[in-house]
Amino acid sequence: MPQIDKRVGDAVVWLLLVTAPLWLTYVGGYIELGSRVLIYALAAMALNFLLGFTGVLSFGHAAYFGLGAYGTALTIKYLYPSTPLAMLVGVVAATVAAAIIGPMIVRLRGVYFAMCTIAFGQVFYFIAFQWSSVTGGDDGVSAWHRMPLGFGLATIDILKDNKAFYYFALALFAVCAAAMAFLLRSPFGRTLLAIRENERRARFLGIPVDRHIWASWVISCFFVAVAGALYALLNNFVDPRALRWDQSGNFVIMAVLGGMRSFWGPLIGAAIFIVLQDYLSSETQNWMSFIGLFFVLVVLFFPRGVLGIVRRKAAS
Amino acid sequence: MTQLLLFNVFNGLIIGAFYALMALGLSLILNLSGVINFAHGGFLAIGGYLAYTLIPYLGFWGALVVAPVLTAAIGILVERVLIRRLYGRDPLYSLLLTFGLAFMIEDGTRFIWGAQSLPYRIPTWLAAPLSRSFFFLTGYRVFMVALVAAAVLGLFLILNRTRLGLRIRAGTLDLETVSSLGVNVRVLRSLNFGLGIYLAGLAGVLAAGMLGLQPTVGDNLIMPSFIAIIVGGLGSLPGTLAGGLLIGVASGVTSVFFPSASEAVIYVMMAAVLIVRPRGLFGEEGRF
Amino acid sequence: MSLLRVEKIARHFGSLVAVKDVSMTVEPGELRAVIGPNGAGKTTFFNLISGFLQPTSGRVIFDGADITGLLPARRVWRGIARTFQITEVFPELSVRENLRIPVEVASGFRLRPWLSRAADAEIRAYVAELLEKGGLAAKADRMVGELSHGDQRATEIMMALALKPRLLLLDEPTAGMGDQETYAITQLIRALHKDSKLTIVLIEHDMRVVFHLADRITVLDQGSFLAEGTPQEIAANEQVQTAYLGKAA
């Protein structure tokens, strides 16, 4: 039975995502919002690869999100106006950074690990701020835009056509999601579950825990960088706020809100959070307080997240 | 050249003292309750703003005394109502909670006191330079360092000479045993939290005098406090103190030779410590 | 050649001496019990053999090679598997998944992002075999965290076995169990021992289990070696009886 439920659930999710441009406007949304949900969902799912499935508390993912974004923006602006190339540069830069930082923190655990991820996250925020000659400092990288995708004969105008961009983002989202799902269901993925469930036991089964955590960390940062690249493309702009500590917190709350233990949880969490944020910021100046309150309420009353509650109801 | 160096080292010491004050509060809470209080910067801001509001009624000195206490009270309230519920759980949740609190405090202070920078008036005699050759040695700066030193000394005395301090120290090592010895752990945690927030509030009042007041005043100080703890060593208060001073001075000295790198150097120090000695300079093994 | 040779191993914790100059030799295929009153240092001794702790002095020699400095994961690769006093399993995974992981790791698949159908079938078959041997087939898809203490322990033992070890270390396998569960676990251990001629060293408090299973017994008292011999010899040993202050066999 659970196998069928799962397949049905997956099908429903994909159906909703593929048809989104059709029904979004009817529920008071707009296509850009849909794209934004996709991007944050990807980021939250990438984070959850580490948080929910490996059991590692990373609170500094915005750094790699931001590196992906800045890499993309700077490439188009200064290097060569090609969207795929720009994304490649952004993602590679972020992944390399993650691969290098990883060994420094992979021996740490719990709150100490979290502290260090926050601190390292801040390093990149600081660089984005200070290195204003390159990054534009607080003003960010502007006066550029995503390039239409040229495939020889055909061109997909993701610049002017919001729908085209949505499907472009969806395609990338699909590839990334499939890759993550694939990894999680493999023997390697199971070693990550083992580490989450009982690190000591994993170690005593011969699993080199630190090395696997490092691998999970790099994979997670890779996918979050893809989300970051898409973020830059969506906005045709990037500024240090993409890298700030609150961005990292947002990713985590999305994963928790949707349900950390489930694959699609972060997608649901992202959808709820982005819609809420969108609504609040248009209603009041003090939307930040409400978001903060939201964090508090989720943590106190909803720690297992939406899918956690659903699962419990199904079990009983 | 020496003037410049001295200036920057002294400046670095002041900043280091700030970092240390913040970091000590953070460290206290982290060591006993395992909570990373991301809202610490927010409490610093509250301390400063409360003092600002109290000055017309209590004067500079009155505000200096009362504001941190009020802040600590708010802190204890927050701990009892919110944070207490999360102690048994994964540290993820308390960190998310304090994140949320940080948002709320930052926006809240903006809402109550406005987004503009507020001026914080200090007594003129304090602001005057003490010496003609060492012009940077204003009374206020010396006063700040002295006050921080006094606060640290006070903390040291509390921890080592009072029963509360003994319980906190024991609880940091083994909370279960302390509990089974009949100590009310809930009250202990609250008081410890309050103590940590008191230090944040105090830092806020002092910072107001030097940097002025904005809703984001705590933002800039919280990250160096993290790094002070990482560098100095997890679980060790003397380490945190040393860490704070160290990164402050390093930052100050660097600003003489590579002014733009003065903030970056503390991140470099953090990376270095993590590579060479992950538990920190004075950290205890097995703390993580 | 003996499979495990512990030479004058000692472990100090500051001024506290937990284990002092204990030597032990275990032959292949033997089932050795390590017993001793509380505080005798049995678990510390185990921790030294399995690599959880480093000895202050002395050596651990496994199959002719000095493994004293090796980390736990490396010892697993050499063929030493262990269970813990407090059952260490993966609570939110099913029994089947709990067993699948060590099987995959032992087959060298831990880093594989992908399994061929043939390899997958082979793994499933072996897991099914382990489930059967452990008497867990009926509960295979339930969450281990929800099972009875006895079943959790059985799962843990089968997980250790899934690694195809040459030496199995069992730390108080019947700890906290009632009579029925103790009997079941004892039967399981005995069956495993007979079936695969595995070398087993176990720590036990329950003397019925010890006398039922052990080929030889090593007795520790207050961190030092006290006696060693066949169950009959140990039962008759007066020193041992005194050390236990009248614990009946």
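Read from first to last, the chains carry the letters A, B and C; within each, the first residue is number 1.
By our rule, a contact is a pair of C-beta atoms (placed from the backbone, for glycine too) under 8 Å apart; a residue touches a chain by one contact, two chains touch by 3 or more.
Bear in mind that the values here come from a model prediction, so they are computed numbers and not experimental data.
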| item | value |
| --- | --- |
| Most distant chain from chain B by Cα centroid | C |
| Chain nearest the overall C-alpha centroid of the shown protein atoms | A |
| Distance between the centres, which are taken as Cα means, of chain B and chain A, whole angstrom | 32 |
| Approximate Å spacing (C-alpha centroids) for the pair chain B, chain C | 49 |
| Distance between chain centroids, defined by C-alpha means - chain A, chain C (Å) | 43 |
| Touching residues on chain B, where the partner in the complex is chain A | 30, 34-36, 38, 82, 85-86, 89-93, 95-97, 99-108, 110-111, 223, 226-227, 229-230, 234, 260, 263-264, 267, 270-271, 274-275, 278, 287-288 |
| Parts of chain A lying in touch with chain C, wherever the complex brings them together | 182-183, 186-191, 193-194, 197-198, 200-209, 212, 215, 261 |
| Residues of chain A that touch chain B when the two form their complex | 51, 57, 59, 104-105, 107-116, 118-119, 122-123, 126-127, 130, 245-246, 249, 252-253, 256, 286, 288-289, 291-296, 298-300, 303 |
| Residues of chain C defined as touching chain A within the complex | 50, 72-73, 76-77, 81-82, 84, 88-93, 97, 100-102, 104-106, 109-115, 159, 163 |
